[in-house]
Structures are given as C-alpha cells and as structure tokens.
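Sharing a structure here in structure tokens format.
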Amino acid sequence: MATSRPYTLILGVIGADVHVIGITILAHALREAGFNVVNLGIMVSQEEFIAAAIEVDADALLVSSLYGHGEIDAEGLRDHCREAGIGDILMYLGGNLVVGKHDFKEVESKFRDMGFDRVFPPGTLPDDVLAWLNSDLASRAARVEETP
Amino acid sequence: MATSRPYTLILGVIGADVHVIGITILAHALREAGFNVVNLGIMVSQEEFIAAAIEVDADALLVSSLYGHGEIDAEGLRDHCREAGIGDILMYLGGNLVVGKHDFKEVESKFRDMGFDRVFPPGTLPDDVLAWLNSDLASRAARVEETP
Amino acid sequence: MEPGVWNRRLSEDVFAAQRTEVLAQWPTGASIDLDEAVDRHHAMPPSKNVSRAVASALGEGRTLIQPRGGVATVDGQIELLRGLQEAGADLLPTTLDSYTRNCRFTEAQEGLRASLEQGRSLLNGFPVVNHGVDGCRRVVDSVELPLVGRPGAPDARLAAEVALAAGYSDFEGGPLDYFFAYTKDTRPEHVIAWWQYIYRLAGYYESCGVPIHQEQYGSITGTLVPPSLALAVVTVEAIMAAEQGVRHVGLGYGQEGCLVQDVAALRVYPQVARRYLDRLGYAHVRLGTVMNQWMGAFPSDEAAAMGVIGWGAVTAAFGHATEVITKSPHEAEGIPTIKANAEGIRCTRQLLNMLRHQAFPDSELLAQEMEIIDREASAVLDRILDFGDGDVAAGVVRAIDAGVLEIPFSPSKHNRGRILPARDAMGAVRLLDFGNLPFPDDVKEFHRSRILCRGARDGKAADYHMVIEDVYAISHGHL
Amino acid sequence: MEPGVWNRRLSEDVFAAQRTEVLAQWPTGASIDLDEAVDRHHAMPPSKNVSRAVASALGEGRTLIQPRGGVATVDGQIELLRGLQEAGADLLPTTLDSYTRNCRFTEAQEGLRASLEQGRSLLNGFPVVNHGVDGCRRVVDSVELPLVGRPGAPDARLAAEVALAAGYSDFEGGPLDYFFAYTKDTRPEHVIAWWQYIYRLAGYYESCGVPIHQEQYGSITGTLVPPSLALAVVTVEAIMAAEQGVRHVGLGYGQEGCLVQDVAALRVYPQVARRYLDRLGYAHVRLGTVMNQWMGAFPSDEAAAMGVIGWGAVTAAFGHATEVITKSPHEAEGIPTIKANAEGIRCTRQLLNMLRHQAFPDSELLAQEMEIIDREASAVLDRILDFGDGDVAAGVVRAIDAGVLEIPFSPSKHNRGRILPARDAMGAVRLLDFGNLPFPDDVKEFHRSRILCRGARDGKAADYHMVIEDVYAISHGHL
C-alpha cells in the first residue's frame, strides 16, 4: 500500500521508442493504487528522466523500453544518476529489452549489471509491478527509519 | 518404361495396418505406367506377400507401412523370402515406418539393414517410385543378360 | 437375404453369455467386476466424467478440446496425459495401439515388452487390454480430467470392458465407422454385433447411474468423405447405441476443409440425427457434435500444419462443435511428441477463445449447403429404414451390400467402391460418380455442375486424376 | 488558423530546393543521382517491381505475402531476405531501425558498429541511410523478389531517397499514420510536408516510367483502432499521395480480430477511397488493400501465436486483401529469427491457398458492418474536406486539432485523446466515448448498445477497465 505521503514515481519510455500502450496502462494502475505518477511519455532521454526525478524528488524511476534498443539507450543511466546526486534512486526497467527473443535470465543479469534494481520481462502485468514497488519502497523506508 | 513383357509387382500394406489410400494411388499409377500390379490391399502378412510373389513370379515386392509398427511387422521378411526361394527379389518399403517423427536417414538405414533395397519417406509421390523402379528393374535386367 | 443382426437390445442373458467369452480373450479380463466398477465410478469426482463435462459445454455453448494420444507403457501414458492436461486439454484421450485394435494381444504384449526394453514406444497406442484394469486405473488416477478410450477397431469389446471398468467414461467409435475404415474381409453385421455389445455395456453403466458419453468417429476414412454419408453413418450408429441404452452421443464429423460445407454439416448433423432418433423412440438421447480436425494427409512442414490445425479450430468454433479433436504439427510424419501434441492444443485453444463469440453469419450459401446435406442423408437413411423394414441394423447391412451406402477409399471388400468424390470450385466435397446412392436427381445434377465448374476453371477433366489431386491437396498446400 | 500545409503538388523548384537539404543530412545522400537511379530501375527485371507484382495479384485475385524484417548489417539483411524468399514470400521487406526512423543517423552508425563488433544485430532494423545506395543495392541484387522499404517514421525523406535509388519500388507509410503512431511533439503539418516530399519523389519515378507502389500502413497504433478512422486516415493519405503523382496505392489496414468487421472493412476500404479519389480528380489511381496481421499484443506462447497468425491469413483471404503483412511466432518477445519469420509466412501461405476459392458468404451482418464503416469514415472525411474548404491536407490538420479525427493510444500530444475504444459482444471494435468524432447519432447509439450488450453478458461496467482488458485480450488468449 502506498503510505500517507504518496510515493512519487517517474515513468517513461527511453530513447527513440514510441511504444506508449504499456506505460499508459501502468500509469493508470499506479495512480489507482495511490502513487503520485509523473508520466513522461515516449521518447524520453536519460537527461529528461534525471531532471524530472530531481524536480519532483521522485522515489523511483520506471524505465520502459520495448523496441529493442534498450541496451544502447539505458547504458550509463545509473552513473548519470549518481553524477546528478540521485545515485540511490530505486530503478526499474521493463519491456522487450533487447533485440530478438532471448532467455530472460541472461537479459535480466545484463541489465542488473547496468544498475537496475529490478528488470521485468515482456508480458509483465501492472499487479506484479505494484507488488514489487510496495515491497521495495517499504523496505527502503524501513532502512531509512533504522538509520536516523 | 516398362519393357515388352510387363514387370509384375506385388503391392500391399503389411501387418494390422489399414492405411489404404497410399497403395490405392500407387497401384493406379503403376498400372497406368504399364506394370502388372497385384494389389493385396491392407493387413497383409509376410506369408501372404511371399505366397503372392511366388504365385505370379513377381519382379518386386512393394511393402507399405504407415501406422508405425513397420519395425515389428517387417522384421525378417528378407530371410523368409530367402527361405521361400525368392531371396533376391527387389524389395521396396515406404510409408511412416516407425513410431514418431524421426530423421529419415536413421530410419532408412535401419530398414536397409533389414534387407530392403530402397526405403521411401512419408510424402513420396508415385512418380519417384516409378523412376526408381524403372531404373532398378532395368539394371537388374541388364545384369541378368550379362550373365547368361 | 438374412442380415444376421437386428437393432434390438441384447437381453441380460445374451449379454452375460457373450461377456464370459469376451473376458476370456486375455487374462486381464478375468478380474473385471462390473459392480465394483460402478462403485468406482460413483466414487470418482464428477469432474472426471466425460458426459458431465459435455453437458456443461453444451449448456455454455463452449467447445471442448480433446487431443489424441497413446504410447505403450503406463508410465509413458501418464507422462503424456499430464502433458496434454497441462497444455489445456479439456478431455484426455487414450488411443489404442493397432494390435489391440485387432485383438492381437500377443503381438501387443511383444510390442510392450520391446518398448520397455528399448525405452521408447514401439506401439502406436496404449495396449489397454494388456495393462488391464489395474494399469489403466493408474492412468486414470494420475490425471484430473475425464478420459476417453479411442479404439478405432471393429471388435473392441474387451478393451471397452477394461477401459470402462478402469474409470473411463467414454469409449469412442461405432460399428459402421470401423467397418468402413478398419476392416478388409469382415462382414458389417459382425462389426455391428460387436459394437452392440459395447453400447450395451455403456448402457449398463448408464442404468446404474453412471453417465457414459458415446463419442462417435464419423471421419471414417478421413479422405473426401461426403458429409451426408458421414451423417447417415453416425445417425444409424446413434440409433443402435440408443437402443442398447446409451443416452449421451457425440455425433462425429471429420473436417473437410471447405468452411461453408463444414459449418453446414456441423449445424445440420444434430438436426437430422435428432429427427430420426425422435421418430424411432429415442427422444431422450442427448446429442452434441464432435469435430475431428482435418483427418486426411497433412503437410509435412510444421508451420503449414499449424495453419491446417488453426483452420480446424476455426471450423469447430463456427460450427459450434461440442468437442474438437486436435491434430499436431507432426501429423504428416509420425505419432507426435508430447510437445508437438501440446502445440496443437494451444493453437486450437487460442482460436476457440478468440472466436467464442464470433458468428459465421447466416447466408443463402450456408442454407443451401445445409439443405443438400440434409436431403442426401435423409435419402440414404430412409432407404436404410426401408431395407430393414424399420430396423436400421438390418437395413444398413442390406444397404451396404446394395451400395446404397458406401464410403470412398474404404479398404473393405464389402464396400461397393463405386462412388468417386472430388472437390468443387470452392473446395466442397462433391461426387463425380454416385454408384447406387439414392440421392435425388436434382442433387446429383448439383454435384455434377459444381465439379464441372471447377474442371473448367482449372482446365482439367473431371476424372480419377482429379480425385488423386484432391487426396494430396492439403498436404501439398492448397485445397 | 493557418494549417501551414496544402494538398498541392510540390513545384519542381521547391522539390529541388528541399532535396538539396535532405541529401545533406548524411554523407551517403551526396551520391544520389535520380537519373542514374531511374536507369537502374529500367534495367531491373520487371519481376522485381512491387507495383507490377501487385498488378498481377489484383488481376488474378491473389493475396501477396510480405513479412517484416530488418537487421543492422548488409550481409545480415541479405541472409534474412534470402531466407524469407525461400520461405515463400512474394514481396521482401526492409524494416528501418528506430534511430534511422528519427533521423538519428549518428546513433544508427553506433548501433551498426556495435552490431558488426558483437556479431549480432543491436539495431531493430536496417539503417538504410548509413548503408547508402551502394549497400542497399547489394541487398537488392542478392534477391529475386521486389523490395519494400518500411520506415515507420515521421521524416523518412533521406531514407526514401536512398531506398528508391537503390531499386526498392515501394516505400511504405504515410503522414497521418506516422504522425499518430510515431510522434510526441511534432505538429501534423510537418509530418505531412515530409511525406509530401516522399510522395513527390515516388511521383517523379512514376513520371519517368518507373512504377512505384505506395503501400500505406493504416494499422496506426495497432491497438483497438476503429476501422472507420483507419479508413479516413488512409483515404486522406491516398489523396495526398495522388496529388504528388503517386498512381498505385495499397490501402493499409490492421486486422482487429473480429472476422465480420475485418472483412467488412477490407471490402469497404477500396469503395470509399475510390469514391473520394474519383470525386477529387484522382480517378487514375489504382487501389489495392494491404492487411497487417494482428498488430496489437501477441500471446507469448508460440503455438498460440501461430493461431493468431493463421487467423490473420484467414481474414486476409476472406477480405480479398491484395497483400498480407505477416507476423511471426516470436512477436510477443522480440525481433524474430529468420526461422520464426519463415514460419509465419508458411502458415499464412498454407491458409491463403486453402482459402483461395472459398467465400465468406454475403450476409446481412456483413452488409451492416460495411455500411457502418462507410458512414463513419465518410462523416469524418466530409468534415475534413469542409474544414479545408476542399483541401484535405489543410482540412485534416484542423480536424486533428478539433478532435474530429483522433486515434486511440496515440502518443502525440496533438492527438485529442478522448475517444475510448472497446470490443462488443462479438469482438468488434466499437467506441465508448466519441470525443468530437462527427459520427451520426444513430451510429453512436449503435456503438453504445453493442458495448452494453457485452458489458451485460460479462457482468462488467463499460469503462476504462474494459479498454485495458481489451488491450491484453488476444495476448491473454481470447478476444
């Protein structure tokens, strides 16, 4: 469940990617679940993601990539976040992340290595995303409370 | 082309197999091409094949097996031919010879080892059969003429 | 001529006497106890009964999926059926091997032994009789779904005894189907008598409150069978089954490939069968339809085969079939692996669901095809009833001998073998030669003119070569 | 408001001036010589021209198969296209990568470099511009079939220059399609102007005796697009193309999944487009239809995906589409391998052939759907013409701003985004909310009542959740 102060999420499709359906539905579901969602839409650059996150003091970055250029487009995003002073932000990635049909395990570890906290396969439903977000954000909140 | 004295062929489906379409069409095509065809139909035992071949002094035995029990049903046919004094008869086998989908190379060598001169895969068309029969019977005829 | 068989319920005595003989055919027969078997059925969850599954499908207008499948060993069969269950089947099959189908139990035993030894199935099906009730019950207990025994045999009495006692609640088939498709010398009256026994057995379970569904085959030789003749076949079988106490019939049909004709057939099937059953006093018998996906030669390319399978799903959906029996992408080559079999199920499921609420709209063309099939089947059925003085069993034997009912490509020597089927310009199966079929003249003219149109279009004569072309057509990628 | 664009043929001077700019976008542009390109087309065998292939398909009533496909390297593209050719395609595709689609040639170059280095394609298409005319000609020369460039881009002018000069004879797409589907901030008038350039270029080849086929997209966002809106889009595009000298148009349509609606759309498409083209003075333009197999979310199971592909083939066949663009069983997961792509082709081919002479019979239901689509599209088109005082280009820009034409799920901020599509009880795409669409009242009532029926059946409210359910439907195995 979202807490009293709603968490703020940045949502967008990275690169030159126009696949808007997935994030449209995700944004709708996340809002319904009580999150504060900033939906940047399609064709979002790394800079735009980071600027938006800073501007609204976001709790998480939800990056979507469907069209196969995820490898190129998402490269270095974690570093750029660090450089911008939000190196710790919770970062999810989802969609059809590479070109072609591949074993998801490999895809996942590739993007985990790039600094994403969670990587979601094609076909992921909003409920799964919600469940992970709630648990990850809650455990982060707990961690913050423990170390005052 | 069939020669002046038409060759006589025995055709039948071995074992407990009822698949009649293939041999019906084959028989028709072989007759049209000038062969003398004795079509024993479905569910023919090894004994019936051999008895028919002896009775009409056949030039070749064309054994069909579609239903998958070819391995069991055709086992020992060459030996039984030998025992009956027609050990040299040209022997073809065709159809869906074993249970399941297999690499045809393996199937072919299994049945070649069992004494079949040629083994035909599923989907074989009458024209292919005709072409092989003509060439095999012609070269056998030539061999006979050479060794008077 | 004395037909040697009548459409009359076997008396308890006659049935009991025959049972003793049947159970003695193989050692596993000895242990079959009907009372115990009935108890077992009553103890099974209702969700494992075919007839109940069919009832709810009929109620909801759904189409149930049943694949085919049988391997030599019990463990293999369990693995297979669990795989098919997981793939989304609604009903599970057990196809019998061809030795069992011919009561050649010794050879089946040898095939089973060799299969166990070599660790692969050398049999093209599951030898129910050799495994006996115990082996079959292991299979039944290992899955969640209702089970159908699929014999495809002229004499499957012992197999039926074993399967039904083990908890199967459908034992597919019928005497005319398997006379025409699976015999060479056997007289039809014998096959009828054997199946009357099986129907009587099913009827016995019914009378004890165990619903048994009687799926029919109806696809017969799987190759260019005119729909009306298949309909005549299954109607006669349904009547004979009903007389022996069967109450739930799945009218079998084999897809021909021309959608309008197939949908017409699937719609007209229950209408015609209903009419004759009602007329002859079997109004209580419930009817559904069972469509077999294309039964003739398949393309060997697996992607093309998936296209044919999908087309079968579409036809079943638009024809509102109660069940569809699926094929696999391995069809042209050999008995499918579990994976290939599952692919056929999943492709079919996707399409059934997508078409669930779509209609194949009513049209003049469809109405015309329905009328033709109805009139042809009725002509044959009326003649059969005439021939038997109202007794379909006697009548159909005489009709077969007279060539009033015959099936293309039947291997039986008692089949007349004069009719010649060919496709018309839209791919519908018509007849070039009618033999002694009692079709009305205008209907014959309709067939001829339709085939001529096609011949004209293709610039080909309407003769035996056209028939051969049509046998290969789908496997060569067209219709 | 000044629309900033008119439906007027670009003068030679304007075209030439723009050309200089376009060719300067990337070094490979410099070498393009239109005269030499025209000669090359004349020297190519006629069998490699899309427009000629389409002409004979139209003549014979056949449906041509075109897959999609593009990889980073020239060698890879050649291997891919040869594979698709062998699988039985009639026309060969070259899908552009998404950097090229956005004129981000530097990034495309980087993707190409990385692809060469890693020995696998990191690009989701073929970067035509980076390969230039020489690279593309190697592709053209390596295959036997006609080639179609598939940009999917708001500004593909340089890509079009390269592709057509290399010997491609179709450069798919159109400004409204790619405004609605592929832009976020860009104004429609800019996309129209860019595509007027491409049409003008195609028209130039035409004027030199080189027939160029203009395939349209028409599937737009691929997700619950009402057929009438797609028809309005492609009709406006066809008019704009015709004005620039295009003479051969393939009207694009994306399968929705409901057969009656899809067949109705495919039949009504050329009728409506013809009417408007004729009225506006473009009677000489030849029309065909191009059906894209289901463009929305696919099931990830490959067997189920083959079912969806088969359904697309059936729809194309019954809709008498001139071309069908195929999908592959890998669709839900990623760009397909050659093998998977070939499977889509072969499944489609089998069904097209089997359905070649079958009819989807005329029926009231079909006639009704046709009438609805015709009336809706005409209402939108008439309003567009009103808005532009007879000029479709000016009119459509105003219509978009006014929400008189909008597309569901368009990512463009200039798209109104008020209409809400949902399926009715038979799966036809209807509208829940009409925004400012100028549909007649009785038609709106028809939509509402149809969706209500479905809601009642499923016990669900007709709201946004229904829309979401419908987005997932086919990928989750139903409609």
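Chains here go by letter, A, B, C and D, matching the order in which they are written, and residues are numbered from 1 within each.
By our rule, a contact is a pair of C-beta atoms (placed from the backbone, for glycine too) under 8 Å apart; a residue touches a chain by one contact, two chains touch by 3 or more.
A quick note: this is a predicted structure, and the numbers were derived from the prediction, not measured.
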Fewest touch steps from chain B to chain D? 2
If you average the Cα atoms of chain A and of chain B to get two centres, how far apart are those centres in Å? 68
I'd like the Å distance between the centres of chain C and chain D, where a centre is the mean of that chain's Cα atoms. 45
Just curious, how far off is chain C from chain A if you go by their C-alpha centres, in Å? 55
Please report how many Å separate the Cα centroid of chain A from that of chain D, as a whole number. 32
Among the residues of chain B, pick out those that touch two or more other chains and give their numbers. none
Do you know which chain D residues sit against two or more other chains? none
Sort the chain contact graph into one of these: line, ring, star, complete or other. line
Per the touch criterion, the pairs are A-D, B-C, C-D
Which residues of chain C touch chain D in their complex? 257-260, 299, 301-311, 313-314, 342-351, 353-359, 361-366, 425-427, 474, 477-479
Of chain C, residues touching chain B in the complex: 97-99, 101-102, 104, 107, 110-111, 114, 120-124, 181-184, 221, 223, 297, 300, 330, 332-337, 340, 409-411, 413, 464, 468, 471, 475
Spell out the residues on chain B that touch chain C in their complex, using ranges where they run on. 15-18, 20-21, 24-25, 28, 41-43, 67-69, 71-72, 96, 98-102, 122-123
